[in-house]
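Look for chain A in each of the two complexes below; its partner is chain B in the first and chain C in the second.
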Partner chain A sequence: MSVASLAGTGRFFRSELLLIFGRRRNWLGLAILAVVPVIIAVAAKVNAPGEDEGGFFGGITTNGLFVALAALSVELGFFLPLAISTIAGDAVAGEANQGTLRYLLTVPVHRTRLIAVKFAALVVFAATAVLTVVGTGMIAGLLLFGGGKMTLLSGTEIGFWGGLGRVAMVSGYAAVCLSALAAIGLFVSTLTEQPIGAGIAVLILYIVSQILDTIPQLSAIGPYLPTHYWFAFGDLLRDPVSFNSAGPGLLSAGIYTLIFTTAAWARFATKDVTS
Partner chain B sequence: MSLAVSSEGLTKRFRSGQVAVNAVGLAVPAGSVYGFLGPNGSGKTTTIRMLLGLIEPTAGSSNLLGTTSFAALPDVGSLVEGPAFHLYLSGRDNLRRLDAADRHADPATAAARIDEALDRVGLLAAARKRYRAYSLGMRQRLALAGTLLRPRKLLILDEPTNGLDPQGTREVRSIISGLAAEGTTVMLSTHLLSEVEQICTHAGVMHLGKLVAQGSLPALRAGSETRVRVETSHPAEAGRCLEALGLKDVSSADGEARGLLGDLAPEDIVAGLVRAGVPVRGFAVERPGLEELFVHLTGEGFDVSG
Partner chain C sequence: MGSMTKNKALRWAVPIGVVAVVSAVAGFSQLASAQPDLPKRSASQLLMDLEQARLDPLSGTIVQRADLGLPPMPGASSELSSMISGTHTLRIWYGGQDKVRLALLGTLGESDVIRNGKDLWIWSSQQNKATHYDVPADSKPSFTDPKELPKTPQEAADAILGALDPTTVVSTGGQVKVAGRPAYELILAPRDRASLVGSVRLAIDGDKHVPLRVQVFSKNAASPAFEVGFQQISFDKPGEEHFQFKPPAGVQNVPGKEDKEEEPGRRELEPKIVGTGWTSVLTAKVDVKKEAPGLLGSLGTQASGSWGTGRVISSKLFSVLITDDGRLFAGAVAPEKLYEVASK
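Take a look at the complex of A and B:
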């Protein structure tokens, strides 16, 4: 692509972000994402969890950064996938539903470019959603419990900045996983003109994947499920960093992203736009 | 004569099995204002969607400005099946979005072009209002503004005056005429035959998915014949006189007689009537209107054909 056409696409991309982040509904969603870490932090302050408590909760009172990790692991279970499903389901189906799709295509916007820009904006939203959770978690945690050294899952202690780095790595991992869900959502969004229906379908896919992953008889297919490695980010909190599960997790997310963005493109490139 | 829009055997069969557009061969001359007529459900919008590349034809092909639709689209402004914008954005923000999506548009001039387009359709005062709060006519005007964001060589407008008040309708017609005068080719679908009479140079008529007539307005009118009508107190006598003068298909009813003019001169007929002593109260040459032509081509029936 020439510089000029890239610049032109940059403008379209910014307009797409404005569309997502200019919408009150989406601000409300981000606000809800931000409330959870605050609740976790306040609850831990009022009623301190025991050091032996599971997950990241045990560490909260020793280091505020654990609030961010606890909030992320809680919200990755429902609120974050809900937010991503809703926005991804809306991506193409919402424009089709309102009829704005036909006016974008006749501008003209090439269908490949449209899918690329839509997906890029979804990735930005996924990253923003994760940052909202982690950011408010860190602020609330540091305010109530302070920072200092962080005890990793492997027992090693690292300094505050090292801890911050680990939190950043975990956030990146979560954003990659959510982007894979966004790719699935983008594909579903090209199949229908009902944005809410598309969003619900993606959320159901997420939940079904989670459920299938818990059934022991189905353990053979487990590793192929899109959500199998989502909670493997504990790997990134060991010393040294382990990629036993996080590695396959990144690979799985990458493959799902590739397959479903390609499917969305293939479907959309030839689709009759009759809305 | 170069064609701004052309198609050959353009056909669309929907998954339902219905053939909505059947072997349509459009020929819209460059520089013309082409009225695309047809009853509800006759396939106008479906044809326009194919021209713009929104839907894939089942068979046949089409060209815009002598090239493929995607290559031509930067020079084409279009309105398809009514306006559609983001509800919670203002009119101006909606146009910003359209302009941002256009990678051929110059961002440096965007603000000026957007305001000019809004001004042109009389929407500048409501530019900051959310689209949600726009009335039907305001929405239609905004859609038109969207087609005017850049200079265009061709406008394809599906019912551009739908929902507009009389001033808006006149305004839009004058905008279209103005653009046409500057050399823009305009293809517009409409149900208003008076609109076609007023601003179109050419027309095509769709019926049941087929293009049943197409050509310049004079050529289309020439297809049906001019009649004379004589108002008189003696219709039978007048009828006999018209026959004697050589008119075909003469009929007389109470207070009047009619016949096909053929290639006779109207003044000779009046003279003949007076010579024969027929009392003439009124005399009219009736050129068939588009409406008669339209009804003749597409039938009297009111029900849409499923």
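Take a look at the complex of A and C:
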């Protein structure tokens, strides 16, 4: 790749980020993501969970970092996938719908590069969404409850910075899982010119995958579902860190990402762009 | 232009190729794990190997599956009582008789049993509770599981070998691979066809002679109703840090003595065994008011007969009957056999 085209890709990537982060509705979405941890922190302050309450919610009063984990475990169930589905569904279909895709392709942008940049921007958005949740959770939690030692799931206490490291690992894991959903969304987005339809389709895929995963009779297919390992981030909070489920989780997310980014690339290359 | 579109259509080969490669790798790894080649050993040699095997320090991951035909237990997946149904993963560190740590991994929780010398800790992250028991330093590790299901292959094998008597057909199966290690298979089958148990299969490590997996099949079933086995095992001595447990600040820290003293009436309810071998039935007197709202209340169904009325749990491997007048019958037999014993 020549220097000129590299610079072109960089410019294109920046404009893509501007497209996502410049929109007021996306800011509103991030703001909604940020509200949940604040609600959790305030609720725990007003009405402290009992001593026998375990899990992340029980840990909040002893360490503010748990607000971030509690918020992430709540939002990973719906709000985060909703945000990713909407943005990913919009990626290609949105431009086709507004008629800007045609212009984008007349400025000679290679279609392969277009898909690559679109996906890279989605990964940045996924990471930003997770950081929004975790970041506000940490700030709200530390302000209201302070930091200190963190009790891991195995009952071991680690220091504050160690705890911060674990939260960072959990955030990374969640971002990888959401990026896989973004890849599926990108592919769906190349199939249609209706951004809202694409977004809803991805969200439905996510929900169906979650439902199938809870049916005991279908437990054989469970490990192949895209969302099966999403909550395996608990593995990263054990002592020592376990990769029993988190390992397959990363592998599963990687495979889904590879399949659907290449499928989006194949589909987009053969797509007739008429609008 | 025609060839251009054709070339571009070829791009679909990439995602399809990824899917093909992934499924091929997954399929091959299953195929490749089926070919161990160990010198032949007879059933009695294997039994002796088992008896003489010294459990060296080890660590690993154990997967336990129960498909007893019972509904899943309410509650979190990391609670010990949830182990009677579904699939569970445990991590084990074994440093010797008096240094054991078992961790039951739930999705966002964990229960640990840690034995270190005379200290026994039970930790539950869901309940945010650490319970401490004192054990005499020389006693065998006892895991006070509410359901008393064997959790390590060694424990399970010991329990089964203890029950071995002339009622059992012992034979060898093929060679298998468990946790990537070649293993012998020993098959125990009850002679008495009235038992719900079809066979018990033990996979015995080809090198270390320790049990790597125990599977219990119910009659006429192709897949095990209960299975506990290593998924991954290492015979390196686990570090001392795994056996250190200090209850975290701010959790309930309960000395685990009181619940035994709490029920003085328990002593007179000594259980009895009726019959022998695989179809023996355990009978006991229970306090119906105390037991009924628990396990039976959630799993049992109403039943009645010449023996009276009560609740019965019927699973693929065992049945339990609790009559309303406080008698308990349990065994690896069909409920009809329990009714028979109850009406005597």
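Things worth noting here:
The rule we apply is simple: the second predicted complex is superposed on the first by the 269 of 275 C-alpha atoms of A that agree within 3 Å, B and C clash if a C-alpha of one lies under 4 Å from a C-alpha of the other, contacts with A are read in each partner's own complex, and residues count from 1 in each chain.
Note that in this section contacts are C-beta pairs under 8 Å (C-beta built on N, C-alpha and C of every residue); 3 or more make two chains touch, one makes a residue touch a chain.
Not measured: the values here are computed from a predicted model.
Touch criterion met: A:153 reaches chain C, while chain B stays clear of it.
Look at A:62: by the touch rule set out above, it reaches chain C but stays clear of chain B. Judged by the touch definition given at the top, the superposed model places A:259 against chain C, while chain B stays out of reach. With both structures placed on the common chain, the touch criterion links A:110 to chain B but leaves chain C unconnected. After overlaying the two complexes on the shared chain, residue contacts for A:24 are found with chain B alone; chain C is out of touch.
When the shared chain is aligned, chain B comes close enough to touch A:100, but chain C does not. Within the superposed three-chain model, A:270 lies in touch with chain B and with chain C [touch as defined at top]. For chain A, the partner touching the most residues, choosing from chain B and chain C, is C. The contact surfaces that chain B and chain C form on chain A in the two complexes overlap at residues 270. Residue ranges of chain C in contact with chain A, taken from their complex: 5, 8-9, 11-12, 14-15, 18-19, 22, 61, 72, 86-87, 89, 91, 103, 105-110, 112, 121, 123-130, 245-252.
Listing the residues of chain A that touch chain B in their complex gives 4-5, 8-9, 11-12, 14-15, 18-19, 22-24, 98-100, 102-110, 270, 272-274. Considering their complex, residues 49, 52-56, 70, 73-74, 76, 78, 80-89, 96-98, 100-105, 107, 143, 146 of chain B touch chain A. Only residues 51-56, 58-59, 61-62, 73, 149, 151, 153-157, 216, 219, 231-232, 234-235, 238, 242, 244-245, 255, 258-260, 262-263, 265-266, 269-270 of chain A touch chain C when the two sit together in their complex.
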